[in-house]
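Look for subunit A in each of the two complexes below; its partner is subunit B in the first and subunit C in the second.
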Partner chain A sequence: MFALISARKGRTLGGVGALLVSSAMLVAGPVSAQGSDTGVDPETWTPEYVRSIAGQTEPNTAEECSQVVPLDYSGSVDYWYVGPNEASPELEHKMYDDFWAAWEETYPNIEVNAQNLGYNDMLNKLRTAALGNAAPGVARLPILWGSEFAAKGQLSELSPEDVGYKTENFWPGAMKSVTQNNKVWGIPTNNETMAFIWNAGIFEEAGLDPEKAPDTWAEVVEYSKQINEKTGKAGYGLVARVNAGNTPFRFMPMAWGEGGGALDEASDSPSYQEVWVNNDGTRRAVQNYYDMYVRDKSVPVSALTNTQTENQDPFLANQLAMVIAHPSEYATMLDRANKATGDDKAAAMQVVDNMRYGMIPRGEDRRAVVFGGSNVHIFNPDNVDGDLDMEAAKALVCFMTGPEWSTKLAWVSSNPGNTRGFETVWMKERLDTIKFLDVSTSMLPSGIPFPPVAESPEIMNIIIPEMLQNALTEKMTVEEAAADAEKKVNALLNGM
Partner chain B sequence: MNSSTGRKPTPRGLFGRIADHRLDYLYILPAIGVMLLVIAYPIYYTFYLSFFRTPPSLAMSDKVFNGIGNYITILTSESFHEVTINTVVWTVWSTFFATALGLGAALVLNRQFAGRGVLRGLLLIPYVISAVAASYIWRWIYHSDFGVLGAILNRLGIIDGKLNLLDNVNLVLPSLIVVNVWKEFPFAMIMILAGLQTVPDQLLKAARVDGAGAFHRFLHVTLPHLKGVMVITVLLLFVANLNHFTIPWIMTGGGPAGASDIWITQIYQIAFGRIRFGLASAYSVILFAVMVVIGYFYVRALTGNDDVRRRG
Partner chain C sequence: MSRRSYNAGWSLTGWVFLILLLIFAVAPMLWMLITSFKSQFAALKYPPEFIPSNPNLEQYERLLSPKNEVGRQFLRYMANSIWVSTATTILGVAVAVPAAYAFARFRFPGRQALFFSVLFRNMFPAVVFLMPLFIMMRWMGLVNTYSSLIITYLTFGLPLSIWLLKGFYDNIPIELEQAARIDGCTRFQAFYLIVMPLSAPGIIATAIYSFITAWNEYVYALTFLNDDQKLTLPVGLQRFFTEYATNWPGLMAASFIMSVPVVVMFLILQKYFVRALTEGAVKA
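== the complex of A and B ==
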């Protein structure tokens, strides 16, 4: 089985393949090239390219959606979503207010009973509501959540074509996250990836080029060691806490980059039936973690109980050199530095000045990053409270997934799920005002979503972190830890 | 009432007695209704669910009857044995040290000295702090890279380098037990202090007159009087520790590598991390069975005291 898996992994777009895709993009234009199964060419989708396509269009959402549901349609729909809260920037609140104002102007006769639920509350509420046939008609969910409801038959089929858009206008990675059993159960609203962030000041102190990020994971291990040896500071901000989403979001890019995975989610046509957690690539990634934590001791000792939140303090205190974080990390650090006082403030502002963003390093196999974001779903009429007004639901979904609002609602911390959004004037405005946005945006083609299967949360949040902890505490060897994880994933897939 | 007439009471059947007290039953009916709803039904449903396989890919209505499969899965799993050992270590040592420390503090506070009231207030602080807040505070005290404790020990020259407590499989559970004992000992202290104040002063004086030293007075007069309250305190602490979730979950999430995973964190993980409500229910039933045994001894300890009082 392992030989089979290894043989399947010659799938990077090297040589002729890459040339063909690049040529196709040049011929067909910037966005239409994204429709192929493999997505756009990661090498072409650079920060410069992202800037070059922005600002060309200003689509008319009302006109587009009127082709799907007449603007004078009368009806109502319930809608649940995770929206801005007290901690969100004012701009995000404004965008949502603008959205609802535009909606009412466009569809004045469709009443939307919208509930903005907190991230931590929504999943369990939705599970309970769906179980009691009291689910809302429409819900926008974080990328991984929908698969559970789809598996349980609680969603309606819903593809971009159902609301007047084309599947090729959405990231292939995002479409994978809403596809189950060859059926499409939702539409991506927004997508984002993380970026590699480093402190140029510590790099200089350690004798490294302050403006150059490590290009490979092997270099990350080397840099981390050198930083620790030369400065006594922690090199890489490793996190390996169990039951914390932070852990797989940082480990899986390394595993995928090295040619591994949990299931076969990193392959071009994943079946989500093959288990890759004990292949060469995944073991190589675990070995990287082991080398940094156990052999070199170049990362925080607290990595086993840390999440990324705990890495922010040492990073801002100039004690940690490299982390993987969201595009909004710069704004977060700047905000925290501004709240500091006296000498601390000056030191923190210096760190913020020294922050650099780069692409997530590549492994032996590829460059990869977790494809995050949200999808909108329409629930199965049988599970909805009252009668589902499908036309009203489609109008709402069309309105929010078009190039305009998928860009505006993702303004602060994400990117439009509809890739036509990248060509708009609003995207240009974002690029002009949000620092480092072009870097994290250019990682999107390398994005891989977690497997859209109901077992995903357990695999990603428990089995993968447990594998890391078993190896990092030397309770097991790297090989034993990977084999143990494989056994657990197999048992899980077999319904044990 | 019958005795006032001088006649022997007429034996009455169950229904007769219920009829006699119908108004009393009516008064407690709402309370019984609420209890049935919020206690009895969940217990029944947990038992029921423990016989079903509920993989995350299935809706709850499609759950598959599995007999005692869940129980077999739990009892034969390697992790169950590991988690059980952790649970026993956590519960026994937390209870022992909290009781011992509480006893010591109560004996001190039972004496007259200046500042006793202030000290009593200070010692109660850990008990009144929210467990969540305390867990976060201790997490930073223990933090393996930037912890206050490590910094102090380094400054004093006791250690050189990082103090790794929470990320060390051998030290994590003892470290959490320290936090738990710190949080719980004031409860034991208050209970035992209340018990100490019921020890008859004349007995202590008589023992002193008979030439008994402080240790012998404690051993032969004070301790026997404390027996009842000590048993109840130990049982209550034991139950509380067996069910204690907050400190291990917030501080380590059961890690690293399961080294601080106890039954209750494991149940939570299975139910809400792995979405296996059937398996988690079976685990809960096992925990419930243990609690019932402890509850039996607790009730016996309580009613035993009543019997003694009645006989006295």
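== the complex of A and C ==
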């Protein structure tokens, strides 16, 4: 917790010089059936494939980064990021501690003034700092945030080639999230998708097959109703809070699955100009929400103000059966179970044993999930406090986006942004020690990135949740709510 | 119905109302305290444990022990909060007292307009001034300093402090000062020896208000400070949340500890507050 990690000094490494390790297999991988969305070939990227390629390489990060910035370079850079804190699993803390120790050893003369910010704090703080020309040199941001800063001209151009890597080493879908006006403004650090998690104990209690997840969203509605009727517990962990990233991360998979969207981000060739928020697919998804919340009352009554954090607690307390959750959920729960004492320990382990991970259900059109993750950006020197040390910034970016640290920093919760990470010995170790990682990895082919346009945060965090709230409070019908959202999105895109 | 039973009925209603009010005020605090003694898993159990089955002081030990990184950081945040809040309070009172006295006693052109203009700033939400103040602080090189917070908190707190204190000075008869002047006091001596003791309740109330406002402030502290070593407690508390999880026992323990200095300060100053109310006029 409270980890200020200020990496300052260490010993200098000796001379190095190496070529980037090739990764032809992975370079070839990201071309695909749903290529326009993520570039991840669902036929190739199966859990078995992910396991088969892991453990083949052990890249030397210092050698690779020395080709970009000499290891004896002296400088400093400010770095803001969302890192582990008191609510994070111990393992995540350890990985970050190891990262900073390795950084100090590799670049002993580059001082990094790192600030670990809370997820809920960072965006507004960064907006204010950038407007006041006091932004940090480097920031790692959740995937949805960077487009806003790029559109405002507050970022420097930054592509994988600038730090010694190849664009082909990163998921095309992830590269889309850092591309705007045909220019690249950042590098993916990690990419993940959510998975569908259910409580096998509650399923059994409700007379459902405890080992079988609902395959479609229509089944989720049915299961949720049955669970609520048979057990009195909440079925599905619906969230609809306004201005909370959790809401679009859980609603959009359903909307895309049913053939809808916010813009046309789910199409094969998205233009991000067409508005899909009022099409049949989106309306079908809103109707699913309406059926669960209003008609069946099978979801938490507090859903309108809930984020996933509010769902996690009843899920872990055995009071909620199904949620869309992050891959880190299992590690978080296991961490808590390990820390529990007395009678609580057995109960906690029971909950862990009952956790099941599965693919996100499909809609009438497809199976879909948000292609999530984080990207690292270098700010425009004009918006940075003081002089931007570009070399120091590049060294840091190179270090964290390489196959080693993009794997290790994503240890409990994500996948390496640099696909070469999948080949490493560390990836194999992860797969061998953390359950369910292969499930979320195998959801990657179904991943769809949020539209990389400046209006994305407003559309996803405000307009979409408001549409849901209008329908769920019956202030509007489903059709009226969707039409209202379409009007708002159009107005926003037209600069009104 | 007799007058006695009518009064008893009202009295009973009053007691019920007060008890409900007490529960409403105390229950969240009590729940916070109970949760702080639980493990992370036990805090999520349903039905909830009203008396923890395995109570422990783990969270308090971690937060208050300088032997571990968590404790060191937490104690540093607390020291930062105490410093910023105390400085804001002292400076605020030092400025508000003479300003309020001047508004109450002196007659000068534009007095009313100036007095209301002091309050004008408080008619806007604090967040409106976030960006302009940030830019100003940056021009002055004060971003990431405690001074940026102290100055900001003064701009928010002073108007109401001046307003509160002026009310106190207005109610102190000017004849008391005139009598002191006749007895040989200078204007400052009359102010210091006569008016100040009489206005002690107002000064203490103002100080408490300034301290609590600075102690709890979050948005400006988050925006102006970029160094983890300088953060204040409200910002530090956010470290118990992630996007996906919350450490409830840790958060509750930290919140409870955070409330202690304010409660202690209030309990100490309450004594002076009551004494000033009951004795000040007699002494004068």
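Here are a few things to note about the model shown:
In this text, the second predicted complex is superposed on the first by the 422 of 496 C-alpha atoms of A that agree within 3 Å, B and C clash if a C-alpha of one lies under 4 Å from a C-alpha of the other, contacts with A are read in each partner's own complex, and residues count from 1 in each chain.
As a working rule, contacts are C-beta pairs under 8 Å (C-beta built on N, C-alpha and C of every residue); 3 or more make two chains touch, one makes a residue touch a chain.
Bear in mind the structure is a predicted one, so any value in this text is a computation, not a measurement.
In the overlay built on the shared chain, the residue A:K152 is in contact with subunit B alone; subunit C does not reach it.
More residues of subunit A are touched by C (comparison of subunit B with subunit C). By the touch criterion stated above, A:A218 is placed in contact with neither subunit B nor subunit C. Once the two complexes are overlaid on the shared chain, A:V425 sits clear of subunit B and of subunit C alike. In the superposition on chain A, A:P314 makes contact with both subunit B and subunit C. Of the two partner chains placed by the overlay, only subunit B lies in contact with A:L472; subunit C stays clear of it. Of the two partner chains placed by superposition, A:A62 touches none, neither subunit B nor subunit C. By the touch criterion stated above, A:K125 is placed in contact with subunit C alone, subunit B being left untouched.
Contact with subunit B, but none with subunit C, is seen for A:L304 once the two complexes are overlaid on the shared chain. By the touch criterion stated above, A:T332 is placed in contact with subunit C alone, subunit B being left untouched. Across the superposed pair, subunit B and subunit C both touch subunit A at residues 131, 313-314, 319. By the touch rule above, subunit B contacts subunit A in their complex via residues 53, 55-62, 73, 139, 143-146, 162, 164, 166-167, 169, 251-259, 269, 273-275. Every residue of subunit C that touches subunit A in the complex is listed here, in rising order: 39-42, 44-46, 53-54, 56, 69-70, 73-74, 77, 130-131, 134-135, 138, 143, 222-223, 226-229, 235-236, 238-248, 250-251. If you check the complex, the residues on subunit A that touch subunit C are 1-4, 78, 82, 84-88, 113, 115-116, 118-121, 124-125, 128-129, 131-134, 136, 245-246, 308-309, 312-314, 316-319, 325-326, 328-329, 332, 336-337, 339-345, 347-348, 385, 413. Residues 131, 148, 151-154, 234, 241-244, 300-305, 313-314, 319, 453-455, 457-458, 461-462, 466, 469-470, 472-473, 475, 495-496 of subunit A are the ones touching subunit B in the complex.
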